[in-house]
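Chain IDs A, B, C and D follow the sequence of writing; residue 1 opens each chain.
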Amino acid sequence: MISSANLYALTGSGLFSLGLYGLIMYAHLLRKILAINVMGSGIFLLLVALAYRSPGQPDVVPHAMVITGIVVAVSATALALGLMLKLATHSSSTQLPDED
Amino acid sequence: MHTLYFAVALFLLLNLSIGMWRVFRGPTDIDRMLASQLFGTTAVAILLLLAASTQTPALRDIALVFALLAAVTAVAFVRRDTQARHDHAD
Amino acid sequence: MLIELVSGLLILCGAVFFAAGTVGLLRFPDVYTRLHALTKADNLGLGMIVLGLMLQAESLAAASKLLLIWILVLLAGASVAQLIARSAFQKGIPPWKR
Amino acid sequence: MFFIAFGLLMALAWVRLQAPDVALAEAAIGAGLTGALLLAALSRLNSIEHTTAAPAYPQKSARALQLQSWLAMALLLILNAGLAYSILSLPDTGAGLTPLVTMQLEHSGVKNPVTAVLLNYRGYDTLLEVFVLLLALLSVWSMGTSQQQPEASPGPVLDNLMRLLAPVLILVAAYLLWVGADAPGGAFQAGSVLAAAGVLLLLSGWRLPTRLLDRPLRIVLIAGPAVFIATALATLLSSGRLLQFAPDWAGVLILLIETFATLSIGVTLAALFAGGRPHHPPDRS
């Protein structure tokens, strides 16, 4: 009924939701950055799992996309961490102020 | 033979999920780091077993990268501590 | 046939060491003893599995790559274990006493 | 606190083993670089928090927080149910582009289909991505210089480990680059392993000699994108299409691009880890 590819795909969507929950609920920016990473992993897993369904060899185009995605994700993470540190030095806080 | 490889790989995977408990519990960061070191080694073993069982030698390269990168993370962890202490001393 | 038997046995022994390492990680009382349990899994567990797989490897190159991985893990594991223990000790985590 | 997610990332890497190329990239980045990046950020954050007192934000009441959490969970469950439904209602087998890729593989100059897609069929994607990396580094650099922390001495054990591991890492990076033509590997994987070597060196207190900091570093950083663009222009002039390789030349050109891209990716990622523009000698007063 549920093939293994679908199981991985469902795990991917679960991870995505988990990451989104973390992104919404945690105030600490480091945790938010982590949550975005988890969301990204979920999407990658979903893509690769869907590529796995094609007959014979898995589809390689999504694989290539995911590889570029991983590298972009790590550079974005580095940038986000840099911004967070800058915020922390200037406002000595690791949270974004609430909008009123 | 291939079934044995697969079974052992599965067993190691089970091992790993039990080890998650230590990551969860702590009590210190060092304990968590230890657990993830064990994960790294276990992952290497699993990859090597899978490489033999599914006959995909490329997995050995991944195991190689894993073995090297686990050390880099551990060094990052240890240096973090020494640096933080250094800042305190100032 | 004999080679298959030996390699199977080695792999099973390796798995036992990994299990022992995990049990030690869960049951031992402090960082240092857990570290001790861990390195056994690193060195012997992986070592035995690598040996077992080497006996079955399809070529000399594959076998030497396996050996290389093991040696790297040994060296890195030993250094990292020392570094972690030193950092724990300097942090002031006392060794467990009965 | 975040080691839970960190261990999860590691586990993910080999859950995906149906895709050895992806697993390789994830092993290098997920297991090594991201962890090191987060740890470094945490350490800098700690030293900032020790020097200044954090302003108090009005705390929400526990009750409001709980309500918010339930609401978020409910909404996400609905979202997830929708996602699950759409996944399960997809046809069991998708045709995908595999037949197309394999059909053209002999003209692509490489034997590994993933490398063929990355560098030949969709080369412009990869070209732009190399620029994304450069852009990230420029943004980080524009936020100021890296703090020159007084380094604690690495000690004999770490020093030896670094001396042993860094050359091996560089060697493995070269191997991955070479093997990328017909087995899993390639510029991104090799670049991240190279970056790991750089991170290890930085962690052990090694610094680039100051005379290399300025122009030589920048030249290496842009070498990859520059060679890529030069090849793209050359193909544009010779065949009229951007990055349209002639089959005879494809293998050589791809290796050329990948070599320089590996160097640039590795150095860019390591520089991202260092965080902040390097100090110029006159700035130090």
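By definition in this document, a residue touches a chain if its C-beta (ideal position, glycine included) is under 8 Å from a C-beta of that chain, and two chains touch if they have at least 3 such contacts.
None of these values were measured; they are calculated from a predicted model.
Chemist: Top contact pair of chains, counted by C-beta pairs?
Modeler: A-D
Chemist: Using CA atom averages as chain centres, what separation in Å is found between subunit B and subunit D?
Modeler: 20
Chemist: So how far apart, in whole Å, are subunit A and subunit C when each is placed at the average of its C-alpha atoms?
Modeler: 32
Chemist: I'd like the Å distance between the centres of subunit C and subunit D, where a centre is the mean of that chain's Cα atoms.
Modeler: Spacing between the chain centres: roughly 29 Å.
Chemist: Take the average of all CA coordinates in subunit B, do the same for subunit C, and state the distance between these two points in whole angstrom.
Modeler: One centre to the other, that is 11 Å.
Chemist: Tell me, which residues of subunit D touch at least two other chains?
Modeler: Each of 33, 42, 158, 161, 165, 168, 189 in subunit D touches at least two other chains.
Chemist: Going through subunit C residue by residue, note those that touch at least 2 other chains and give them in order.
Modeler: 72, 76, 79-80, 83, 86
Chemist: Which pairs of chains touch each other in this structure?
Modeler: The list of touching pairs comes to A-D, B-C, B-D, C-D.
Chemist: Using the touch definition up top, name the residues of subunit C that touch subunit D in the complex.
Modeler: Listed in rising order, the residues of subunit C that touch subunit D are 72, 75-76, 79-80, 82-83, 86.
Chemist: Quick check on the complex: what are the subunit C residues that touch subunit B?
Modeler: Subunit C reaches subunit B through residues 4, 8, 11-12, 14-15, 18-19, 21-22, 25-26, 31, 34-35, 38, 41-42, 45-46, 49-50, 53, 56-57, 62, 65-66, 68-69, 72-73, 76-77, 79-80, 83-84, 86-88, 90-91, 93.
Chemist: For subunit D, which residues count as touching subunit B in their complex?
Modeler: So the residues of subunit D touching subunit B come out as 3-4, 6-7, 10-11, 13-14, 17, 20, 23-24, 27-28, 31-33, 35-36, 39-40, 42-43, 46-47, 50, 149-152, 154, 158, 161-162, 165, 168-169, 172, 175-176, 179, 183-185, 189, 193, 196, 199-200, 203-204.
Chemist: Within their complex, state which residues of subunit D touch subunit A.
Modeler: Going through subunit D, the ones touching subunit A are 2, 5, 8-9, 12, 15-16, 18-19, 21-22, 25-26, 29-30, 33-34, 37-38, 41-42, 44-45, 48-49, 52-55, 57-58, 68-69, 72-73, 76-77, 79-80, 83-84, 87-88, 90, 92-98, 101-102, 113-114, 117-118, 122, 125-126, 129, 132-133, 136-137, 139-140, 143-144, 186, 188-189, 191-192, 265, 268-269, 272-273, 275-276.
Chemist: Subunit C touches which residues of subunit D in the complex?
Modeler: Those residues of subunit D that touch subunit C are 155, 157-158, 160-161, 164-165, 168.
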